[in-house]
Amino acid sequence: MIRVTLINPNTSRVMTEKIARAAHDVAAPDVEIVAVCPEPGDGPPAVESHLDEVRAAAAVVSMIVRDQESGGSDAYVVACFGDPGVDAARELVEVPVIGIAEAAMHVAALTGRSFGIVTTLSRTLGRARDLVRRYGFDEACVAAHATGIPVLALEEQADVDEIVAWCERAVRVDGADAIVLGCAGMADLCATLTGELGVPVVDGVAASVGLVSGMARMGVGTSKRDEYAAIGTRETPATRVADSVMA
Amino acid sequence: MIRVTLINPNTSRVMTEKIARAAHDVAAPDVEIVAVCPEPGDGPPAVESHLDEVRAAAAVVSMIVRDQESGGSDAYVVACFGDPGVDAARELVEVPVIGIAEAAMHVAALTGRSFGIVTTLSRTLGRARDLVRRYGFDEACVAAHATGIPVLALEEQADVDEIVAWCERAVRVDGADAIVLGCAGMADLCATLTGELGVPVVDGVAASVGLVSGMARMGVGTSKRDEYAAIGTRETPATRVADSVMA
Amino acid sequence: MIRVTLINPNTSRVMTEKIARAAHDVAAPDVEIVAVCPEPGDGPPAVESHLDEVRAAAAVVSMIVRDQESGGSDAYVVACFGDPGVDAARELVEVPVIGIAEAAMHVAALTGRSFGIVTTLSRTLGRARDLVRRYGFDEACVAAHATGIPVLALEEQADVDEIVAWCERAVRVDGADAIVLGCAGMADLCATLTGELGVPVVDGVAASVGLVSGMARMGVGTSKRDEYAAIGTRETPATRVADSVMA
Amino acid sequence: MIRVTLINPNTSRVMTEKIARAAHDVAAPDVEIVAVCPEPGDGPPAVESHLDEVRAAAAVVSMIVRDQESGGSDAYVVACFGDPGVDAARELVEVPVIGIAEAAMHVAALTGRSFGIVTTLSRTLGRARDLVRRYGFDEACVAAHATGIPVLALEEQADVDEIVAWCERAVRVDGADAIVLGCAGMADLCATLTGELGVPVVDGVAASVGLVSGMARMGVGTSKRDEYAAIGTRETPATRVADSVMA
Amino acid sequence: MIRVTLINPNTSRVMTEKIARAAHDVAAPDVEIVAVCPEPGDGPPAVESHLDEVRAAAAVVSMIVRDQESGGSDAYVVACFGDPGVDAARELVEVPVIGIAEAAMHVAALTGRSFGIVTTLSRTLGRARDLVRRYGFDEACVAAHATGIPVLALEEQADVDEIVAWCERAVRVDGADAIVLGCAGMADLCATLTGELGVPVVDGVAASVGLVSGMARMGVGTSKRDEYAAIGTRETPATRVADSVMA
Amino acid sequence: MIRVTLINPNTSRVMTEKIARAAHDVAAPDVEIVAVCPEPGDGPPAVESHLDEVRAAAAVVSMIVRDQESGGSDAYVVACFGDPGVDAARELVEVPVIGIAEAAMHVAALTGRSFGIVTTLSRTLGRARDLVRRYGFDEACVAAHATGIPVLALEEQADVDEIVAWCERAVRVDGADAIVLGCAGMADLCATLTGELGVPVVDGVAASVGLVSGMARMGVGTSKRDEYAAIGTRETPATRVADSVMA
């Protein structure tokens, strides 16, 4: 079995279960899904600002360190649309590590020429744009819209109409061939939105499972050449990071 | 079962079998692999020029039309590094369609920050560069080297040293975190090269299987919004293309 | 005399004559214009999809091969706005080869800082965008609009108002300094549109004649250095492509 | 007086004093310089990996929170070349916040057309490249070289020859008009290198002092429009981040 | 004292005094401000076209030559938003030279992620765009709007409402985090606009004073490596340029 | 007849005659060639610096004003590789205006995928790079080399070997499909270099004649929409510029 561990860096157990379900629904028969989140106080309640990202990145690192200590996984997914801590996580392991923004954008790019992102608060759009550029999708990403719905409000599944409206704008006005859902908390809306919109709607949680399990079957992981090489020049750096957050 | 049909647009049966094997080796338990190629005379012996690409694109279209007529597949892979006919193929079906250059670049980008392409003849580098830009990997792709080995010479598995030398240059000099193999005919060298180089080596055939089967499990296919919508305004255009090639 | 052969890859004789006239009207005294198109069944009736492009590219190749066999020309123009087969055509000859999208964009860029493209169906805009990037006009091209008028409807010269409206939008709203006509079938509207709009309107057919005849007088043709070198490693590849389409 | 607080996110007091001196040497008469660093255990000993950056970002946040609690400053500088935590810091205050990589690149760009970065370990080049792109200096930055000298080895001021050699390569081979020093620990080498090289050598610590004090005099700080607006929707987020690191 | 000479290349004494005041208001205690402009007939009345820029560039060169002959300054600012003659000025001196468009964009980029330019006549937007690209702010600059107010009309301080309206559009619609004032003649509106808009408003005159005085304190000037090296191969070129304009 | 006036902005009569010959050699039967240059003292002896460009731009403007006063031409060419004054010239006339760098790059881009520039002094490469970006050829231009040969030394036709060597480097090492000659003074070397190199060698003087005469036959000139509209809001600006230079 290929063990895929999804790390929700916020402390919402409701969202973590939603993530686990979304991942499980698209997992191949040879894939085992594990979804974890930090204890209350060890991570942000939601990731909606750069301050939250700082804390989320630290939580991702400490959860991977802990998973590694108890045997490790065949692949890791950072299940938060800002992809916090992905670079650091790649230094920690040799297996694939992917963020759900990264995963969603790669899959959306394979469905056509263009996609639009529909996300939560407008203040997160800057980070989304940074990731779009970092991953190479400046041309493909023709829209990035914020619904104004906070992450935790998605637990209540309200406001689907608002989300649909922004998706429709991305499709009809901006010319997006597909929609990228800009929050792990939207994973359960994927089927509904696909039905409403008539274009592919890509949830990064589901997208990431296919990508990392495919990489695991190929034996392709994280390149340890230089930037993401294991750290050994100073003492126990990974533990050190975890400590400062865990303490 | 998810039926993935890989289309080798050249007429080499040896290469088609190699492609089938490479795909089969990385397929999840729920994935069925089919690999096809045109009859001699219905496609180019190898794809090493823009003229070959024109012919290869026509062959891809006609083989997809034929597969559709006999029930269709859950996903299609164009198993030639120039990704000939992928745009046209997307007009023909609602399921995922991917080229192996596209697949290899997406997966390589997930292994680190950068990759280098090592391919066959230098005259194909222009097309490779076009695809790099089209897919958004201008930043990620730090090298594109031609070994000078013609496609069909790869059937004899000679010159691995020459290929290793160019891969090493991409890694050591150009700073590539991973290698993208620039020809379906290199699929069987993947394990050897990985062993020699110590960085991820990505074969597009294997990469594509994980990507399209993951998309199929998610229910995400080709966007039929506009550019890739089915063609209906004039009579039976798909058959028409196939006819002119098949006749 | 400089013999310029314009290849309309669709089978419309009406459009081919329109192209010949547009080219003739702007030819210098030392330029002879020839315009050809495939026999019905040997090319698409119009080029409005990627499937059509595949077929059009093959038609371009076969018509150049045939022209070469009967003495050849001093320059070739692919008179279809998607520039199908231009790369392949450059492998076949040493003289200049240019597509009309390419020609129109180069000339439009010389009239000011920016241009807008007004074309036929929206599904062709993706290809237009690819060409804009390939030729380097991402900055210069500030708009690409589809009128929704099919290629063959242009034979009847209806809907000039619709075309004018989109051109005006490109000029007034998008700030285009000039208009690029996105279809060879619009060649005869050039004077009318110029009169209506008050900015340069560039038809690619006319533009191409000036460009290639200028290159011919300079003795500058297609670079045969590597990518576009003649093909000799395998047997008679050019004929081979033509055969598979012509058969 | 304009109070500029420089935050060294690593725990080296030697480096913090070096930073204070470099800042003081270029401060205008109306500028007061304060330099701080985390207590041992509250930050990384040096910032040489993405894991270190995660920890450094948290340390930056907590030190700004603490400074705000005791009256605040007129401007903040993140005195580490990876600019960790700058985005988060901008959410915390209304005054200017700048990283030293950002500062150095802006000033270097004003000295000519191009610059080269000379930094510590090669594994940090990826982050440097990300910052180059984020700040818009892809064209201006013509080289980024790693000397292989770890951050803390710079305390001993050895290996100036090695640094000079890489700077010379950037100038003579890569055509850099100026050099950007890629580590706060190189601040004291600025005069020596300028003497050796004959081109402007820009230390980000010194550069940042001029930039933020100039902004303070203009009354221009951080835009609180949206992305960097203060956080109020959930409880005490800034303190929360600090707590998880400080605990 | 650091002597900063600001060169207004148009002949308006009213505007030159406005520039001097704006510069003086933000100068550190160790900075002396000098503002000059050409005699009537030796420069354009305003810079609102490429023809004006040609004349303005010549005026900048001749005023720097004259200042150098009478002892020189520690830094030069070209106080016209098109930054005319900055490249040539850098060849003439070893101290810092900066244009106010350049200065404003650099400072605006430090206040957040994005800025919008609000300027005078629409015909100057092309030059503004050229400068945006040259300085690397293609991503950061999200809007460039012309108010339609001629440069000299700004002397009368009318139409503030029109300027506010365009600034608001840049902020609310285009998502600009800050505003860049696109004319030296707007320097006195900076405080008013800041009050109205609630985001940083950056006047290039004020911005430039902080930047060049900071560079002067660091001992960083113009790189004389190659492009901006002093000219010595032919006779007295600087004087020659000045002569042809002054005569 | 189409009257094409080529403006050499330097004062060398030898070079002006060379330009006239090169233009004449490639002119169609319906094209009349006129080549002019400023009187000694009214322009720079050569254009090898930004200071020279300032003076050259003024000379271009004044020569076009004078030509307009005596009846005007059907097209103008700025025959200096830095394209000085082209923007301003476009404000003065409604007919086509083109620089020889612009012309050479457009034609070179039509010969293949890439070109390399070989020019005079290294200090002019910055300007060349600016033009490459402005015209959209960042991708196409794979090399820009300086021979170190001053402009006026080209009058003596020495150092062809040095020029050949740099061209060969561009072709063999940098992979240029064609060579762009980076100085009007190299026009007479075009045939020799083509013979030596075996790839298209493009002289901008010859290239420009084909481009502007083609535009003239199409009735396509400079867009007078906004940026390049005639100037009328203030008094006689064109004359004014000319005056300040001519005086």
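Per-chain residue numbering starts at 1, and chain names A, B, C, D, E and F are given in the order in which the chains are listed.
Here, contacts are C-beta pairs under 8 Å (C-beta built on N, C-alpha and C of every residue); 3 or more make two chains touch, one makes a residue touch a chain.
What you see is a predicted model, and the numbers here were worked out from it, not measured in a lab.
*Asks:* Determine, among A-D, B-C or D-E, the equivalent of interface C-F; equivalence here requires over half of the contact pairs to be the same by residue number.
*Replies:* D-E
*Asks:* Measuring between Cα centroids, which chain is at the maximum distance from subunit A?
*Replies:* F
*Asks:* Calculate how many whole Å lie between the centre of subunit D and the centre of subunit F, each centre taken as the average of the chain's C-alpha atoms.
*Replies:* 44
*Asks:* Can you compute the centre-to-centre distance for subunit A and subunit B, using the mean CA position of each chain? Integer Å is fine.
*Replies:* For subunit A versus subunit B, the centre distance works out to 27 Å.
*Asks:* Multi-chain contacts only, two chains or more: what residues does subunit A have there?
*Replies:* 90, 113, 126, 133, 139, 226-228
*Asks:* Within the complex, which stretch of subunit A touches subunit B?
*Replies:* Touching subunit B from subunit A are residues 26-31, 90, 96, 98, 102, 106-107, 109-113, 135-140, 171, 175, 177-178, 191, 194, 198-203, 206-207, 209-211, 213-215, 217-228.
*Asks:* Please give the residue numbers of subunit E that touch subunit F in the complex, ascending.
*Replies:* Per the touch definition, subunit E meets subunit F at residues 41-46, 48-55, 57-58, 61, 85, 87-88, 90-92, 122-123, 125-127, 130, 133-134, 150, 226-229, 231, 233-234, 237-238, 240-241, 244-245, 247.
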